[in-house]
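By written order: A, B, C and D. Residues from 1 in each chain.
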Amino acid sequence: MVKFINEDTQVLVQGITGIQGRFHTKLMLEYGTKIVAGVTPGRGEQEVDGIPVYDTIAEAQEKHALDASIIFVPAPYALDASLEAIEARLDPVAVITEGIPVRDSIDILARAGLGDTTIVGPNTPGLIKPGMSKLGIMPAQVFREGSVGIVSRSGTLFYEIAAQITRVGLGQSTCIGIGGDPIVGLDFIDVLQWFEENNETEIIALIGEIGGDAEERAAEFIGQGGLTKPVAAYIAGRAAVPGKRMGHAGAIIQGSAGTAQSKIEALEKAGVVVGERPGDVARILMRMT
Amino acid sequence: MKLLEYQAKQIFGKFGIPTPRSYIVESSKEAEDSANKLGGSAAIKAQLPVGGRGKAGGILFANTPSEAAEAASSLLGSKMKDLEIRKVLIEEKLDIEDELYLGVVVDRRNKSYVVLASSEGGVDIEEVAVKTPEKIVRHVVDPLHGLRSYHALWIAKQLGYSGRKMSALADIVGKLYKVAVEMDAELTEINPLAEIADGFMAADARLNIDNNALFRHRDLAETFQWSESLELSEREQEAGELGLTYVELDGNIGVIGNGAGLTMATIDTVTLHGGKPANFLDLGGGASPKRIESGVSFVLSDPRVSALFVNVLGGITRCDDTARGIIEARRRAPLEKPIVVRMMGTNEEEGKKLLEEAGIDTLDTMEDAAERVVALVGGS
Amino acid sequence: MVKFINEDTQVLVQGITGIQGRFHTKLMLEYGTKIVAGVTPGRGEQEVDGIPVYDTIAEAQEKHALDASIIFVPAPYALDASLEAIEARLDPVAVITEGIPVRDSIDILARAGLGDTTIVGPNTPGLIKPGMSKLGIMPAQVFREGSVGIVSRSGTLFYEIAAQITRVGLGQSTCIGIGGDPIVGLDFIDVLQWFEENNETEIIALIGEIGGDAEERAAEFIGQGGLTKPVAAYIAGRAAVPGKRMGHAGAIIQGSAGTAQSKIEALEKAGVVVGERPGDVARILMRMT
Amino acid sequence: MKLLEYQAKQIFGKFGIPTPRSYIVESSKEAEDSANKLGGSAAIKAQLPVGGRGKAGGILFANTPSEAAEAASSLLGSKMKDLEIRKVLIEEKLDIEDELYLGVVVDRRNKSYVVLASSEGGVDIEEVAVKTPEKIVRHVVDPLHGLRSYHALWIAKQLGYSGRKMSALADIVGKLYKVAVEMDAELTEINPLAEIADGFMAADARLNIDNNALFRHRDLAETFQWSESLELSEREQEAGELGLTYVELDGNIGVIGNGAGLTMATIDTVTLHGGKPANFLDLGGGASPKRIESGVSFVLSDPRVSALFVNVLGGITRCDDTARGIIEARRRAPLEKPIVVRMMGTNEEEGKKLLEEAGIDTLDTMEDAAERVVALVGGS
């Protein structure tokens, strides 16, 4: 099951000395995330925003009790960084890095499965519990405490819809980006299961997009009674062209598979209300409360 | 990246998969010589990264070298699905007893590779999957163990083979999996895999490589250029050189967003309001004014574009930076194309103020902005 | 913990169509081992001594409920054969094959550990419960039911000492060859632990040889109270030459490590009575009863 | 199989481990030319599979090409630990700042590979292990994950490096592990690993390959022959060709057994009774009469052997077959060397009867037989 961070979770930042790593370490610290150490091979003994940097997690663990990790290292090094986090038994591990080869993602997830580590991503904005902490790169200002659980494959579209939910006065319990790659760790069903059991979540927003069948599987799960809380959804890519990758590595219609239409139909069949436009989601949720 | 048949076959050959003798040529004279070397008769196959070449007339047969020259000459320079045929493969004719299908693809659901095999080869496997799914053997690979000899044997057995032919087929299955993993393939396929008297041979070959893994396959850099030049439009190639994530569409409204999902949603919303997007352009996360300017200039320079819709959600990307990028692009290319901007988030007020001062429309919601831009180009 | 075969255990023979496989299938059947299927890739649909042969274990499992396996396949194919048995969740798996590369043994054992499969060997004579069943290649006539547990790295020396134990009238409860390779699955300590808990075993014979430190580790285990039953031991190779491999891949004195003297001293320190000659073991055991 | 330094370095080089520039030569003329190419000064290193070459005078230094020629000429053809030096390596002299130790060996206890590293290089690692074990860094590899970059970095860090040098050292650690796994090494070692101004270099190299894995390294077949010829005595090589497991010892009693443990125990028992075994010969399991005959003939033909002790436990091997083999060997080479046989097990009675008829001594226990054979050669 998905573990989440709270105010006590001690977080490691892998790739902390890079531009992205530095930038988001600062923002996460500002939000209240308890970042205690960073790792960048070859950059040990430095500091970033007052956070000590180590060459390996093993060294960081000699000094700190680490719980979770967030990874910003460049794609060619993300495989080893992820395995290092898995071996160090950190959980969850949010892999922000974009552009990781699919073969490496397959490898990461198989090994994560051995030790029951939850991998969020790759190519994810991470996760946030508004008002408490974030392990991710989402802009904090669009979120507010509330009762809507959001799960999304996309990043900015997720913030867009979160902002609208906030604007209509609902707020969010927990928001998780599962990542835009074809192969990701935590998936829709895992998150929906978690929302079902999570007392703070009353209604759910599901934000999908073209490519693969993750939304269809989520619909199947919902349709079979796996989730009893009401869901509003939006699927991006109705106007996408088959065979063309729409930005995300996973966002591609292959042959007749992975179209927005197929996903919308499956979700609607499972009782999910699917909005035509992103703005519809907040409106639908309002009606549900 | 999609490799051409002959490139895929060269790689398959390196991994020990039996392939027919063949020569890649660019002229009818070479075609004639090659057919000669093959003993006279040959198959002449257009080299293009498109499916259904056979049906489209891209595969011809010759019984003599001069027939081969003629066939090559008819293909070379002609167009198929809008692509020009620049190379043809001259290949020995096989005495085929049966045609199978063999493929290794990424399995999103199982988070691994899956081997697909079928006794129905030479036809579209998706059709087989729909019409006679029971004729497809599937084996999901456990990534911790890989595809072992006994898995490959099981697959070959399921296709109805035993003894020596089973072993020969299993050997190819194992090697194709090795190609998939070692070459970082998104898809690797032999269709048809020809059953011949003493074994099997890859009569066709497909190999699509994960672009994200190209850092492990630097020797394919040149192939990548060529492959991009075949698959992408000229504007798409130019955008690639500028480092922009760009897909050409066939409308007249330029669309720029930050983030793949948001940009897709923007296109959907424009379409919903009756507009026709001319492109998909994702600025990505934390775009700088420079990058924004470059994207805006690129789209404005498209003669098909009559109006531009920029939709930015300010998070890491700042709205004031976005405004500055747009203004700078407009300053440098003072075209009379209207721009509609919708921005929200970090430094929103400052950004809006800058745009207003520059006389550029800003709206608060994606829906309103979409409606406005569609109206500007004359509505639906 | 070590699982053992009994009269109900359904056994698979891998490499059943080879000379060794055929020969020992016959002998095991004669002894009462319930062999139900064989596997040799490429030789499916044949029969050996009335036992059906399949190309893969998956096919054999469609027809039979298999419990344990014994492997006779040639060394270059033993890795995949072992992994196939592990994946099929057979347990125990006795790997008789000699000459398996160490790298392959390492791989086999690591993967066996994932699923808790007990690998006996490689390069082992297997195991026998006298009077009931055998999963191995030992000559049955030298064994007799009794109360001595035997654990040995060697093959024929093990039979020699078993024969003498039988001759003095003691007989054996369970006998296990752990194999003569540097890297083996089941080891001395595993077997000693099992003997400690096994009600049928009263006294124990441990047969070691030069090379490695398996005997020293067993001595440590015994010395720390892991085993309370009395042990008689014999270590082969007192007269061996350092640096020379004495037949077994594992029987080599490297530098000052792995000498018979070191092993004998360690065992004696732990209270084990070590015989000078193979014949001493039965005599020592007689005094212990 | 033990590779020579230059062979190991070639392989290390292929895996990307930095090695000094060098030339392998067999004459002083070539040595001179090579030193010239290296700029004049050079190290001249005897190529033999023995430890402690430096101390034994097998490594010389030259400041000029003519000194190199002289050094090579003094080494080539001379003997070290009974082995003739046939090749020397002419290698660039390194400006060494420090010497480290790096090795990957098979770890029986942990059933995996273990990486050993030490800041005490250039000396015998076993001595370091005894005297200052705290100076050895050990990392047991999890075979399911392999040695990853972060493990290698941790090792380099433990040796006291940081920054660029740490990364360079970790890179070599990772590559040495790759050599170990991909080459099926029983031992792979860089001692010393020289720390130089801008990184590290393998100043020496050892690579022992698992003979059982040679089927995966067919290109090393020739090297294997050469390596065997250096490591094994003539009789051991002959035995190898006959497929016998044979080790030469320095006594006068021939010993043959079936099974490694039993044969070792036989040797021990003979020694305990004051005898001196001339050899260890293990017939292996299920030996045929032919194989037994071949083994017996081989040992009897050894001029050092005055008497033979055959000790067979009949299981799969049959005692009557053993008897027939012995009798046939004796018939073919009617030497007056006494043979003592102890056999037990399958078809024991029949075997004993055959031997008695042929006038060959049989005894019931290993101890009695050992006593008898020692008495026959004149006791202890």
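Keep this in mind: a residue touches a chain if its C-beta (ideal position, glycine included) is under 8 Å from a C-beta of that chain, and two chains touch if they have at least 3 such contacts.
Not measured: the values here are computed from a predicted model.
Distance between chain centres (mean CA atoms), subunit B to subunit D: 54 Å.
Averaging C-alpha coordinates per chain places the centre of subunit A 50 Å away from that of subunit C. Annotation for subunit D: residues touching 2 or more other chains are 142, 144. Within subunit C, the positions touching two or more other chains are listed as 111, 114.
Taken as a contact graph, the chains are arranged in a single closed ring, with each chain touching exactly two others. Listed by chain label, the pairs that touch are A-B, A-D, B-C, C-D. Those residues of subunit D whose C-beta lies close enough to touch subunit C in the complex are 106, 108-109, 111-113, 126, 142-144, 181, 184, 186, 210, 212-213, 215-216, 245, 247, 249, 257-265, 267-272, 277, 280, 282, 285-286, 313-316, 344-346, 365-367. Across the complex, subunit D is touched by residues 41-42, 44-45, 55-59, 77, 80-81, 83-84, 87, 111, 114 of subunit A.
Taken together, the subunit A residues at the contact with subunit B in this complex read 20, 23, 75-76, 99-107, 109-111, 114, 137-139, 141-142, 152-160, 163, 180, 182-183, 207, 209-210, 212-214, 217, 234, 236-241, 244-251, 255-256, 260, 276-279.
Of all residues in subunit B, only 142, 144-145, 148-150, 153-154, 157, 162-164, 166-167, 170 touch subunit C in the complex they form.
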